[in-house]
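Each chain gets a letter, A, B, C, D, E and F, in the order it is written, and its residues are counted from 1.
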Amino acid sequence: MRPSKRAANQMRAVSLERGFSRHAEGSCLVRFGETHVLCTASLEERVPGWLKNTGKGWVTAEYGMLPRATGDRMRREAAAGKQSGRTQEIQRLIGRSLRAIVNLTALGERQITVDCDVIQADGGTRTAAITGAFVALSDCLSWMEERGMVKRNDVLKDHVAAISCGIYNGVPVLDLDYPEDSSADTDANFVMTGRGGIVEIQGTAEGEPFSEADLQSLMTLAKAGIGELVEKQKAALAG
Amino acid sequence: MRPSKRAANQMRAVSLERGFSRHAEGSCLVRFGETHVLCTASLEERVPGWLKNTGKGWVTAEYGMLPRATGDRMRREAAAGKQSGRTQEIQRLIGRSLRAIVNLTALGERQITVDCDVIQADGGTRTAAITGAFVALSDCLSWMEERGMVKRNDVLKDHVAAISCGIYNGVPVLDLDYPEDSSADTDANFVMTGRGGIVEIQGTAEGEPFSEADLQSLMTLAKAGIGELVEKQKAALAG
Amino acid sequence: MRPSKRAANQMRAVSLERGFSRHAEGSCLVRFGETHVLCTASLEERVPGWLKNTGKGWVTAEYGMLPRATGDRMRREAAAGKQSGRTQEIQRLIGRSLRAIVNLTALGERQITVDCDVIQADGGTRTAAITGAFVALSDCLSWMEERGMVKRNDVLKDHVAAISCGIYNGVPVLDLDYPEDSSADTDANFVMTGRGGIVEIQGTAEGEPFSEADLQSLMTLAKAGIGELVEKQKAALAG
Amino acid sequence: MRPSKRAANQMRAVSLERGFSRHAEGSCLVRFGETHVLCTASLEERVPGWLKNTGKGWVTAEYGMLPRATGDRMRREAAAGKQSGRTQEIQRLIGRSLRAIVNLTALGERQITVDCDVIQADGGTRTAAITGAFVALSDCLSWMEERGMVKRNDVLKDHVAAISCGIYNGVPVLDLDYPEDSSADTDANFVMTGRGGIVEIQGTAEGEPFSEADLQSLMTLAKAGIGELVEKQKAALAG
Amino acid sequence: MRPSKRAANQMRAVSLERGFSRHAEGSCLVRFGETHVLCTASLEERVPGWLKNTGKGWVTAEYGMLPRATGDRMRREAAAGKQSGRTQEIQRLIGRSLRAIVNLTALGERQITVDCDVIQADGGTRTAAITGAFVALSDCLSWMEERGMVKRNDVLKDHVAAISCGIYNGVPVLDLDYPEDSSADTDANFVMTGRGGIVEIQGTAEGEPFSEADLQSLMTLAKAGIGELVEKQKAALAG
Amino acid sequence: MRPSKRAANQMRAVSLERGFSRHAEGSCLVRFGETHVLCTASLEERVPGWLKNTGKGWVTAEYGMLPRATGDRMRREAAAGKQSGRTQEIQRLIGRSLRAIVNLTALGERQITVDCDVIQADGGTRTAAITGAFVALSDCLSWMEERGMVKRNDVLKDHVAAISCGIYNGVPVLDLDYPEDSSADTDANFVMTGRGGIVEIQGTAEGEPFSEADLQSLMTLAKAGIGELVEKQKAALAG
């Protein structure tokens, strides 16, 4: 039995609230249950140095957590003077995931930065962030399309979304919340496209090593979950 | 005529949404029009070194802005590796303002940190932050009172709230929004208590120096404005 | 009775020693009693990025304290690896105060940096720094005038000086020294021009909030004090 | 055809040179072809704060690259003033991988830090590092056993080794070198135990997403490769 | 002919002004011509960790330059966020030089930090700093002796002073000023005790290597110069 | 008697292994007994800002130690976020030593960075580094000569090598190892050219001051030692 009473293959309530931020070219407040992440996409007419004069653009991400997003207050990274290894790992993952479904040449020599800031955390912040970042990115591209800068569908090759799975009390379950995450034996994050291609998979044994069969079970759960998330993205973008 | 069509002595719509954050001992999302600041109060059973074994506690504040809270994306301070002078100035002001109405001995040897994070900015973030931080602090103390740790009313000596005023196109106006703030001749921030005492006053001539009469006009506007804000705090806390 | 036996409206002995530094284009060692600040103005033929090709120049300030300027040795900021919030707050204030009386267009695309380094501290370092920085800036502009670069009086629109006031043992007093500053109820810094315009006012209740009447008393003291300081600046520059 | 002429399932020449460093309690220079990593295990009689008085120890890792380990000189991280996100990601992975096969209670309240410094890089530095770090750790524990501090086999629950696989020109291949790594479509790192349990799996689509079947092919290659590596570890430790 | 018209073995005018700083336990403004360094000695009742419970004390030094001590303004190290290699090299040298003539056991478990801040620079700042630091240290120890904490002469084993020499236009000369220093072929700094022992010698060929005979010539000049400096220290301390 | 049984004028076994690194334009693993330093020379087609358009190039050095190069593990400088004063002092010395024998005009507007990384330390790392860095630099210039970029012998004016000497138990000895270094009374490093010119001399009294006669004895030892090192450089480069 999961602490939240959810079925093994049941995600938390997911919502994608577009246009949460008045200034950003695209924005989305994504909620996976009590995990809330604000994603904003910012367009800049510049690219990193190595892309200058290549005709190609760049999509990148930054990640942060408000100090009291968590049960105990964490030290503010700006005050500490550096981003933790965990923060850097997550923001690199979000950036790679978005670039996997973007045609950088169709974007042109511009940069879109997607900021994913965790307002409240209850496990799964990186997967919620990727799922919401896609919506913010899509709206940023629509904003650009309205101004004749790009065709949104030339730049976006597919959807991308992410979900975590894990083995909790010996049972493979979908979309770990914090109580599950902190005691799961195995924890895996899956990033997949709308067409079911795998963009990224990260599986970690927290306690005992896991087997190929375990990995297969988690993959099966993840595919179904990501299918649901992509439907929710489509519904939100159609709304 | 103000860009927002407001009367000279008219504040923006103000709301104080308590309990916005599920983890913090006290929290408040404060909105001054399109300026939205999330204030969370976190209790810790420790004090800074210089207060150890004095029986006195401490109240402090930190301030941050999400990178795309503003019209143009600003560099993330955690990525830059330091807090700007402006950030430090503001968080020191918030901390002093709260301590002005707190009895640190009645608090006991504990620290309350109020984090004020700007979700969206449209001018006046520091005054909104102080006004909301008071509500978060008050709820944190109520949380402590429920657990028999303190009496809220022994710790809180009064209300505290803040408002900006300025001279815009030659006319003294209350509660500057960003378009006014960026072109005002004079800009002043007032922090006052529920009983009308002045906690802090900061006036700056952006262009031409101002006169004592100007300062007097701004003070008159501010007193009325802070009176309204204190009423809103009381209503929110009674709600 | 003030610890220094001064009358309530009596400043400390003030001196402005021009040309203290052989290398700087302008320099002044300012003494407010036992508070000694070396101000040097350095001319550079460059401007910050946002002013390039605007025809306008920039005046900025930096502030520092020698580690043993104070009663107890303070950690050297260069060794600590960052400037404190207090340091940044003060240097921003000095810069704003100087720019309030400078015509940046008449200066042309150049930057003048005024370094204010506290050699010995006994309260009021920021107000001494502003008062001395004006003299160093003026001499830097005279140096430029001698070389046909600018007209000093086209660039300098007025004098600027600063003084602190406070309520000590219930009495409003002028120009707090350290023993007064550390036990005053209210502490306010005033920056005013030679013609009596207010450039900046910062008042803080250290203990109990203060009233409008208190503020008025401090303002009255400050105006007289700044009038004296401006006379001393004129005498020094005429010397 | 692979640039190195290797068969798809053929690893590079692997060597594990124990005792490379005279000072460390355990050390190993590991070579995967032209990738050379020096791993040293250092014993310290202290643990991180959160483990004090728990009776448990800690195993952690740090990773670095000499500036000219690579084809172009990279900036020295010590001079840059921080470790890159990539460095932090890798050293966190190495630490987790080692802890997966260590009984921290049997270790007792001590910390072993394994430093993995890349002397020369040609792809696969993180997998070489994990494979060599195990040997250095094992020798450190033998050093401790000689002094009656622990039983090596009580602390080490299993072997751990790692290998990369990827899809290069459409073909799944084992142990990517730099020319392959920089043009592979998909790149995956596997960390597994001597008994075949999965400790960590990280798969990334560099270009097009990959399929479950692709992942299965890579896993099959990896299992065989890690089996070989564990045999080499055993031979080295028996030597 | 030297730019300053001095004879080859002629030092600049040297003065040692004791008690320049009202707060420090010992202080000295040392002038070697236009090079002016303020040295303050600060006593603290603590020692670095590695000396705790050894009964021994510590003497250390820090060095800094005001940004406009030099002909062109240099970036403030506190603003840059770190001390340059040159600064660290010099402050390590000053600390070693002082410790060479101090009995750390007689000092007891206390630390004296000598801050050497260059108010104005014209070459030879490190040698002036060492020479003045000795006077500040001596006065700090006298201050302690007055309070019964130590016997000054038990702690101070000898005098220490320093001078630079160089080969300028082919001629060995004593006490280089900035114009000489910046074009000398060879530059050497000597730190010696009152009894003529060598504490430190640092010689550097700026252009062509130098010979043993050159070094001998510089040494001869330095011995005489340091003899003069020690006499000036004695006179100052007797004054 | 020296701990290593060496005669007073006997160096440790020295070897210079060229081409240790496959990527660098020049490289050398230098061993002075158990002190092992990897020196790599990296060519870049850029120069520091102050040399742009001067036609002159630059040679610089960086120094580092692997964390467990020493008997106790030292904190990794990249993790600490800065290079120690000792590190900066050594890398500045290596750079100056190399530039003393380089014709920067003949090099042309290019920079060669020599990285000296200590793989294992047993005293004398800086002198080993200089001696090996010369070989790496020479090979880098040969690499350039092969490509018609420079004439190696136009750029290299001479050999340069370095050795430490010290007074150990009252006896002047050559090439201190760590046990000698940590208990020597006096420690001096000499950098000299192939023709016997002195490039740099740094002598420090660790305990009692030393005399001119002591310095002379150390110089005599050093000249002979450096003569041997230059022969070994020649043999290695001829090999």
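Here, a residue touches a chain if its C-beta (ideal position, glycine included) is under 8 Å from a C-beta of that chain, and two chains touch if they have at least 3 such contacts.
As the structure is a prediction and not an experimental result, all values here were calculated from the model.
Chemist: Among all other chains, pick the one whose mean CA position is farthest from the mean CA position of subunit B.
Modeler: That would be chain F.
Chemist: With touch defined as above, tell me whether subunit D and subunit F contact each other through largely the same residue numbers, more than half shared, or through different ones.
Modeler: Interface between subunit D and subunit F is built from largely the same residues.
Chemist: Measure off the straight-line distance from the CA centroid of subunit A to the CA centroid of subunit F, and report it in whole Å.
Modeler: That pair's centroid distance is 50 Å.
Chemist: Using Cα averages as centroids, what's the distance between subunit C and subunit E in whole Å?
Modeler: Their C-alpha centroids are separated by 33 Å.
Chemist: Two or more other chains touching the same residue: where does that happen in subunit C?
Modeler: Within subunit C, the residues that touch at least two other chains are 81-82.
Chemist: Is the chain-to-chain touch network here best called a line, a ring, a star, complete, or other?
Modeler: Looks like a ring, each chain touching just two neighbours.
Chemist: Chain sequence round the ring, subunit D first and subunit F second?
Modeler: Sequence of chains in the ring starting at subunit D, next subunit F: D, F, E, C, B, A.
Chemist: What part of subunit B is in contact with subunit A in the complex they form?
Modeler: Subunit B reaches subunit A through residues 21-24, 27, 34, 38, 40, 42, 44, 62, 64, 66-71, 73, 76-83, 87, 113, 115, 117, 119-120.
Chemist: Subunit F touches which residues of subunit E in the complex?
Modeler: Residues of subunit E touching subunit F: 82, 85-86, 88-89, 91-92, 96, 100, 158, 188, 192-193, 195-205, 208-212, 214-215, 219.
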